[in-house]
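Just so it is clear, A, B and C label the chains in written order, and each chain counts residues from 1 on its own.
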């Protein structure tokens, strides 16, 4: 058991100060704007929840929210199984391991704007490799919204599946050999091994993967911005960026933030509930879970 | 666990899928604009380094690279420095409100960046920091500090508390113990945390764009301005884009053995 | 229930630092009879676990064949060998309850539901986890987890053999004793072939009717606990089994006697030796007497451990340990005397059978 020591606050103070400056003050500013009207002369006047009501009655907001949810849903439905499939088949030893890790991590370290740019250059029907190949099938992401969706999803899969795969891989390599041996002794099928050994062992990292992928895809802005420059589909962030009135923008920001917080809280709650005994699964067997 | 004989095909195909668009970018960077726009060629026919020459020859390009690397490095250093003591506190002690604080820190990792661009602009303008490296570096702390605390706390919890107690008995003061004994023990954790700080600061676009105008133009802003201008110079864009892959690739290469460990902690 | 034969097994785990192949098993020929209870005994790293894994098929031997009831199963996968195995550290399926864990091996083999229930109830009672049967396995303590692992090994009735790889390492000493007795009981009742790996001689000697002593990838001796004690086939067996271990002294053969310095110890017959091996005399401390005559010795230490005393002496420059019963006195001017029935001759570490054969 960790000792109680209130002086620990001193060690946390710098972080608090820094995060307070970069999170609380801006957030307060946004809240402040969201309840006021800024006149052309720069005069502020109190308007209460008017901006919020306007946002909530704005069809464009709901459309963007809906699009975002569909997008995040599709992303998760593709990236999580695909990432797990890749992780299951990644080499466990030899030169293949660093090769896989390095090559797969590469898209994660490309500036997001450049990711969009790469896909623009790849997908354009006049100069892009993919665009030219698919041109004959009527593909044109700049003209057809469905093609734009297809391109954005493919781009996101390209950009982020590695994160899921690397997380799942880390979960897999932490499984001791004895588990697989026991499964063979018990006559478990490949599916049983996956269902009862690999999946439970990956559960923790996969929850994190889902959480991260959900958040980031829900907030997506930069990459579509680079590819389709604010055209269709319009996501929440795009909508936010395109909104002109300061108050409405602020109110939309707050609603947006609250949606994300609420959804993340749900994920977090599910994650910690499964985690009944923190880290129990990872403890050395000799120590056991007797805590 | 035995894998099938053809298991390698799955990661191989995936990596092929990852590399194809990158190949196209790199190939384009060696083509002339004439070739790019008028002919469809899988390999550069008229191989040229002109695009790179243009990037390196232009002071504006050189400065945007320097700007990006500058605020990214600053952010990484700041994030790690403030996160170290905090992570130590979380891993070693219980104190009033510790759990809530930890969760609240994490929620900042979840904060939608688009929400913060405007207030950031106003905040840093008020302090006269708008369009400085330090402003972008501090703003990126929003998501990097919580992340660094989270990762470091994981590594620190792996170091037995007896180490601390022994050091205090041996007469070390807290700062001396922390710097001379503890930090070397979690060096790999610091490496992993620094990697992720670097990564998220390097790839971010919205905040960096919002907090800069002339002095600190990040590389992506310039790319954006040029790619959406009329009569795009594709060759130069591709060359500059290719160059932005390099810092990331170098960083991955250095930490390749630690990535899996960082991920294994489930703390990204 | 089955007979298991290992023929000319060798196993290499790949070259070591010096590029030489690293033998986990050098050359093993071993039969495990139907219904026998065997202990594989040896220090850590002697190849016990490898041998076990070769029997169960988790490891394929580099050379040699494995036969079960005469069928060559060397190329048959674990699942098809019908063997149960319990590992040193608990392996449990976290997300299942205790009961589901125990049902798992049976369900995988399509056993009828009523039969599963009967078997699992039996095993739950045997391992004493009745109260926890419905609990998620992940929350159990280490020894409860190991009991579940053990239970999964015991739940299949029709297995060819059950292999135990130091299964009681993580279990409390008291519980350990009870469980071992239960295993022994079960073995006797069911007549299953059991092979039990351990590095603890007490565990091996109390569990098994046949003890297989291994060292550096070889089987040194197979026998009853009595054999191992009375006729250690190899100096290592003499040293490893018994507490304290056998005394081993360099010697020379002189007709039907062994020569120790200027002293002689008589043998029942003159040994016939090939070549010029390194010769050693082995004698267990139980057969060393302290008397008024014999070879002079100095006493270095006496450990009184209750029923008897262990006397450490130095004789002709060599350390010799003797065990003295309570009533025996230590003479004022101690001499050492070897009881002839306890004297063994070793040529290149292997025991020379004085009936004339050299083992193996």
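For this structure, a couple of remarks:
Following the convention adopted for this analysis, a contact is a pair of C-beta atoms (placed from the backbone, for glycine too) under 8 Å apart; a residue touches a chain by one contact, two chains touch by 3 or more.
Just so it is clear, the model here is predicted, and its values are computed rather than measured.
Across every pairing of chains, the maximum count of C-beta contacts belongs to A-B.
Look at the CA centroids: the one farthest from the centroid of chain A belongs to C. The mean-CA centres of chain B and chain C are about 57 angstrom from one another, to the nearest whole unit. For the pair chain A and chain B, the distance between mean C-alpha positions equals 16 Å. Residue positions of chain B touching 2 or more other chains: none. Chain B meets chain A in the complex at residues 1-4, 7-11, 14-15, 17-22, 24-25, 28, 36-37, 40, 42, 68, 78, 81-83, 85-86, 88-90, 92-96, 98, 101, 103, 105-116, 118-120, 122-123, 138-139, 141-142, 145-146, 149, 199, 202-206, 219-220, 223-224, 227-228, 234, 237-238, 241, 244-245, 247-249, 251-253, 256-257, 259-261, 263-264, 266-268.
Taken in their complex, chain C has these residues touching chain A: 53, 56-58, 77-79, 83-85, 87-91, 93-96, 104-105, 108-109, 138-143, 145, 149, 152-153, 170. Every residue of chain A that touches chain C in the complex is listed here, in rising order: 176, 178-179, 181-182, 184-189, 192, 196-197, 200-201, 276-277, 280-281, 285-290. Note for the complex: chain A touches chain B at residues 2-9, 11-12, 14-16, 18-19, 21-23, 25-27, 29-30, 85-86, 88-92, 96, 98, 100-114, 117-122, 126-130, 132, 158, 161-163, 165-167, 169-171, 173-175, 177, 180, 193, 204-205, 208, 212, 215, 218-219, 221-222, 226, 229, 236-237, 240-241, 246, 249-250, 253-254, 256-257, 260-261, 264, 268.
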